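Got a structure here, written out as structure tokens. Questions coming.
So that you can tell them apart, the chains are marked A, B, C and D in the order they are listed, and the count of residues begins at 1 in each.
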Amino acid sequence: MSGDNILEVQNLKVDIPVTAGMLHPVRGVSFTVARGETLCIVGESGCGKSLTSLALMGLLPKTAIRTADRMDFLGQDIRDFKERRMAALRGVKMAMIFQEPMTSLNPAYTIGNQLMEVYRRHISKNGSEARARAIFLLEKVGISAAASRLSQYPHQLSGGLRQRVMIAMSLMCGPDLIIADEPTTALDVTIQAQILHLLAELQDEFEMGMILITHDLGVVARVADQVQVMYAGTTVEEGPCQAVFDNPLHPYTAGLLRCIPVPGKAKRGSKLGSVPGIVPNLVGDLQGCMFRNRCAHASSICETLSGEPTRIDDGHAFTCRLTPEEAAKTAAVQGVA
Amino acid sequence: MQPKTIVQFAAAAALGAMMSTTAVAGPDDDSLIIAWGSAGPIENVDSYVNNTRYGIWFSRMVWDQLIYREPKTFEYKPLLATGWEQLGDTVWRFNLRKGVKFHNGEPFDADDVVFTLNWVANPENGVKVQRNVNWIKDARKVDRFTVDVEMKRPFPQAFEFLSGPITIYPNEYYAEVGPEGMHERPVGTGPMRVVSVKTAEEYVLEKNPDYTWGSPKGEAQVSRMVVREIADVQTQIAELLAGGIDITADISADHVDQIGGVPGFSAMQAGTMRTGYIGFDAANRSGHEAINNPMVRQAIAHAVDRESLVRNLIRGDAGVIHTPCFPTQFGCDENAAVTYQFDPEKAKALLAEAGYPDGFEIEFYTFRPADWAEAVMGDLAKIGIKANLTKMPYFALRDKQRNEGTTPMFLMDWGSYSMNDMSAITSHFFKKGPDDFALDDELAAWLEAGDTNTDPAVRKENYAKAIERITGELYWLPMFNHVRNYAFHEDLNFVGYADEIPRFWQYGWK
Amino acid sequence: MTDASPSSQPSLRIAEEILEPSPMAKLRRRIFKNYSFLIGAFILVLIVSIALLAPVLEASGWIQDPYAQDLSKRLNNPFWHEKKFDADHILGTDKVGRDYLSRLVYGAQISLLIGFSTMIISGFIGTVLGVSAGYFGGRIDMVVNFIINTRLAMPVFLVAMAAVVAFGASLLVVIMVLGLFLWDRFAVVMRSITMQARDLDYVKAARALGCSTPYIIVREIFPNVLSSLTVVATVEMANAILLEAALSFLGFGVQAPTPSWGLMLNEGREYMFFSAWLLALPGGCLFLLVLAINLFGDGLRDVALERER
Amino acid sequence: MLVYALKRTFVAFLILIVVSGLTFSLSHLSTDPALTIGGENASDEDIEAIRILYGFDRPVYEQYFSWLGRALQGDFGESYHYKAPVVEMISGRIGTTMTLGVAAILFALIVSIPLGTVAAMRPNSLIDRFALLIAVLGQALPTFWFALMMIIVFGVWWRWLPISGNTTWAHFVMPTIALGYYATPALMRLTRAGMIEVLASDYIRTARAKGLSPTSILFKHALRNAIIPVVALAAVWFGFMLGGSIVIETIFNLKGIGWLSYDALLRSDLPVVQAIVLIFASFYVVLTLSADLLNAYLDPRISVR
């Protein structure tokens, strides 16, 4: 697997200056994505998972500062890529699907226009070629009467259809990596499953790497190869999907897994789980484990914890003062307070 | 023959129009650029269809009258008529000048005079200022260069009109095109001929090369003239200072000082016969009790410091006037007038005697720049009269006066159409016409007698009575004669005239 | 249309949620950080106090009677000229010899009076129309909309001039005419804000509880629209002052000898090429007043918006 | 959609009728046009005769309806003062006003859209602050005063530009700026606000994620959506500008219908005033209507509503 890594990220940080000081929403995240593999990043809102994906795409807000020890995409170090070189990657080599299909399409242009535009920008100016590709992909994503859809405007489509269009759009140039940022959150539960299924299928078919950002552990269980659990800007646990689900080590992961909503019964858009407590302020110098104020197992050590992950076999790692054994035990028994 | 010349003329004019737009201010290209129009543009340059001051200026350049009135001495001299004699009370015979040609080539003869006079005398033809022409009964051709003009009644002021507003038109052309055509392409015998007319914007004229028959008006001094209608005086001045025009005749007295001080420009003032007056609602249509009292009006007459107003605001060769007419006008005898000296104490006493020791409030109307009225108001305030000024557009004010009659006191003026006869002003206002706010039967009768009697002595006698009545009763408080203020390029030979008509064609470059 | 602050970007939204200070502290900080509001308020207070204190200034000899004229001292120069300068008249005199400084000071009264009265009249009309349209909706809304559109279709300046010709120019007529014309923005804004307010939960609750319509409008709706009302009021006040100046400039405004800045511009215009201060001084005053009102209004809007968020 | 358009047109028509009725009564209740027609020397009898001839003795509403009837057939009567058909007078002058109005609104747009866009792209930058300063100062500057200052500086001192008249394009430079600048603050603020909103929108993020060029993002995706409200406002402003042209045309001696309305007001020439009010009102009504339609074209969501 490691031989075919298309993305390797080490110690990615995002800092944003705000009036009260420096905000650190992403603080040293590392991961790799291999071709044909799905990495799921899981966490509550505000944990930094969306910013992580934007940081990869180079789409952070202007004020944000991105640093990383390593960011290799397809063997290129993209850390110092200027906007122009990034723009040449985006849409071609790496594509992104956003959370809000209702607003992510430009209301002023037809679907066809917006689909073909990527192709014409990156691949070929040839209009009929782009059109053929668009129709092909629309059919691929399960849209009937694809040719006639091209002349429709976004507002004429339902949310599910728009997200399908977004997916098609991300595939227009055959990217190597797809980043999907909560692609189903805004959709009806019944459609969520279809879209996820579609994504997984397509990923398989086109042999792409995929980063799926979600707070829905049910989704993760179904599609992920690798899982990263993020909390307050850091990775608290990572590893192969099976390992993390079978053996959650970090108290936060354990807490999350406890409150997986039963599929079909959870309300649309409901917040993930109910891990009590609030996310800490991420401004200024931060020290120790950020989860300590919500953790049943917190002790004074947590205030100064270095943040070095404890590695177990198979790439499974977690960041906590507890030893793997202790963690496994407490997770099984108690989880979070 | 005739149509051909009209065509030729039109072709020449069209050619001229194409080359016309270029004229440069300053003495270099033998052209003169004039700006006027602050009182609104000439609606139709046909001199019988407009009644604006600028229309008069325009008509003097393009057309000639039968008679020439010398602007300084007011003597009558031959122009298109070389001589005249009276054949009875109501008939004048005129001998016409030979060898004069209209701008379109049509020769001038008795047909033109007969046609013009009969045309304008017919009320159906809609001459705008009917009193200019309604005294004409008809005109008859005696021979090719002799014409008899019959008046409806003995009309002593006839020569004022024949030397002023009554311009002679080419009969064939005018019969064909009418006022509309005359506006689009005016044709006359005058020193300038018209190249193009853009209504309310610009008139281009050029020297009439045929004007060599020794007219007392003189030949044109420049070969090309552009008149620009510019409504805003400040814009006119800006154009003058920026070198866009050569002369303006619309400026204020203060501008004369200021522009005169700018190197390269000259400015001057020329007194006119336009007479300013404070009118009172003596017929009491406004229901203002105080102003209906002659003693109150006397108090006002003594309270207003006309000398100071003239000296400080009007300036130039303006002066205080004591008659309800301009002193050079026929019949306007200054000795007949009751005069009032500036005397605030006496004014206060008169006011107290009239029963208003603490003064009163009164609405005061004008259409002229507010500062003149404000000066009057300042003086009135000193004797306790609080005047509230309403400045209105001219037509709105006249409307209010005539129809509502709610104007107890107003500062206005009258230019007499530049006619040097008292009937042009006093008779207009006090013969119980729509502008008469005194409605004095006796006064109207005297004026009627003065207007229609052919004996100058009888006329003078009746007019004197009228003057005494008006000033004695103070139907009007005569104020001052206006001054017209001119500013121009310093190399221009400019002369100002008392009849408020600049002879633009006479002004050449030094 | 309001300025979207950068916080609509997702990441910063997070930051602001985290950093929420107390509302009052925030308001205070907003006010004092808002320079335009401070500058505007300062100039406005200055002009208003000068206007209010004019009679006192006159009584204590700082300025003179703005109506007292002396033809022999007309068009005196201001203090920066040596010639024709008279120490009695620091800013010189106008064309009938009235003290220019005094007229400028009293002119503040007139401009403020016109701006304020116009704003009250138009504010009243516009608010009544807008609130009733927004609150009742339906047919009333349709009718009000029609009235608003009719008003917007009328060329204000031309019709105002026609009205002034018809009724005669005076301070009262100018105020009435402007007041009757400048209510459109009030109506439009009030209408849309009332519509939003009508759907607020507590307003719905009040209706459900059977509170009377006037009670709901006054107690529940009005507090909601007040901040926008104030902002529109400043805009309209500035607008009214500029319009009066333009009307006076063309001679369709207040009557001489009222010391109005607009009228002074009209009079001073005659001297624009030679004694430019006669034009520049009232023009500058007018500019400063309108600028102050606009700055004040802008600041007010920012502060109000911030509070509403 | 067709029903909607027909309804809007009907309402627009109704608005024009109400506007014309209001101005008609306003002007006819207060002045007596017979005097203006009669001129200086008309006697009382003449004026009475004119009154009957023109029907001024009838009730105002009767006069209005007969005027309206003729106006609907394109006959606006004859000018009292110029004695010419009002339609001819206006058609001869409207070109100047339209040239001025179009130039002014274009000037305003050309200044405000780039400035607002740049300001929005770099909020709180120097350019943003500069733009804001211009907006604030510009809004407080009386149009006529600005016009006069330009005349003094560019016309008289430096003699760069012609001051009055309408013969060449150079004659329109100063009037255009004087008339146009007043609309720039409002348009610029709206552009800036709209642009900030649009630039922060999800679809711009999508466009960036698609790797589109900055120009394409700015011009194709952002500007088009941001200027939709600007276009609507510009249409409204264009209507206002035609009204505001009265002062500008008077100062710069442009003989358009703005000047004509001023001249007619001074002369109580009611048919002319009446017709010009109606023309200005029609412009506003037609413009708002077409702005709506244009918006519907630019933003397909609107036509659904």
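Throughout what follows, a contact is a pair of C-beta atoms (placed from the backbone, for glycine too) under 8 Å apart; a residue touches a chain by one contact, two chains touch by 3 or more.
Please read all numbers here as calculations on a predicted model, not as lab measurements.
Of all the chains shown, the one with its CA centroid nearest the global CA centroid is D. With chains reduced to the mean position of their C-alpha atoms, the one farthest from subunit C is A.
Computed from the mean C-alpha positions, the centre of subunit A lies at a distance of 53 Å from the centre of subunit C.
With centres set at the average Cα position, the gap from subunit A to subunit B is 90 Å. Subunit C and subunit D have Cα centroids lying 23 Å from one another. Within subunit B, the positions touching two or more other chains are listed as 234, 238, 241, 393, 396. Residues of subunit C in contact with at least two other chains: 6, 9, 165, 269, 272-273. Here subunit D touches subunit B in the complex through residues 31-32, 35-36, 39-44, 47, 81-83, 92, 148, 151-152, 155-156, 159, 162-167, 250-253, 255, 259, 263, 265-268, going by the rule given at the top. Residues of subunit C that touch subunit D in their complex: 1-6, 8-9, 36, 146, 149-150, 152-159, 161-163, 165-167, 238, 242, 245-246, 249-250, 252, 265, 269, 272-273, 276, 279, 283, 286-288, 290-291, 294-295, 298. Subunit C contributes residues 67, 69, 71-72, 74-75, 95-96, 165, 168-170, 251, 255-257, 267, 269-275 to its touches with subunit B in the complex.
Residues 233-234, 237-238, 241, 252, 254-255, 258, 261, 305, 308-309, 311-313, 370-371, 373-375, 377-378, 381, 388-393, 396 of subunit B touch subunit C in their complex. Residues of subunit B that touch subunit D in their complex: 21, 40-41, 43-44, 49, 51, 128-131, 199-202, 228-232, 234-235, 238-239, 241-244, 393-396, 398-399, 402-403, 428, 433-434.
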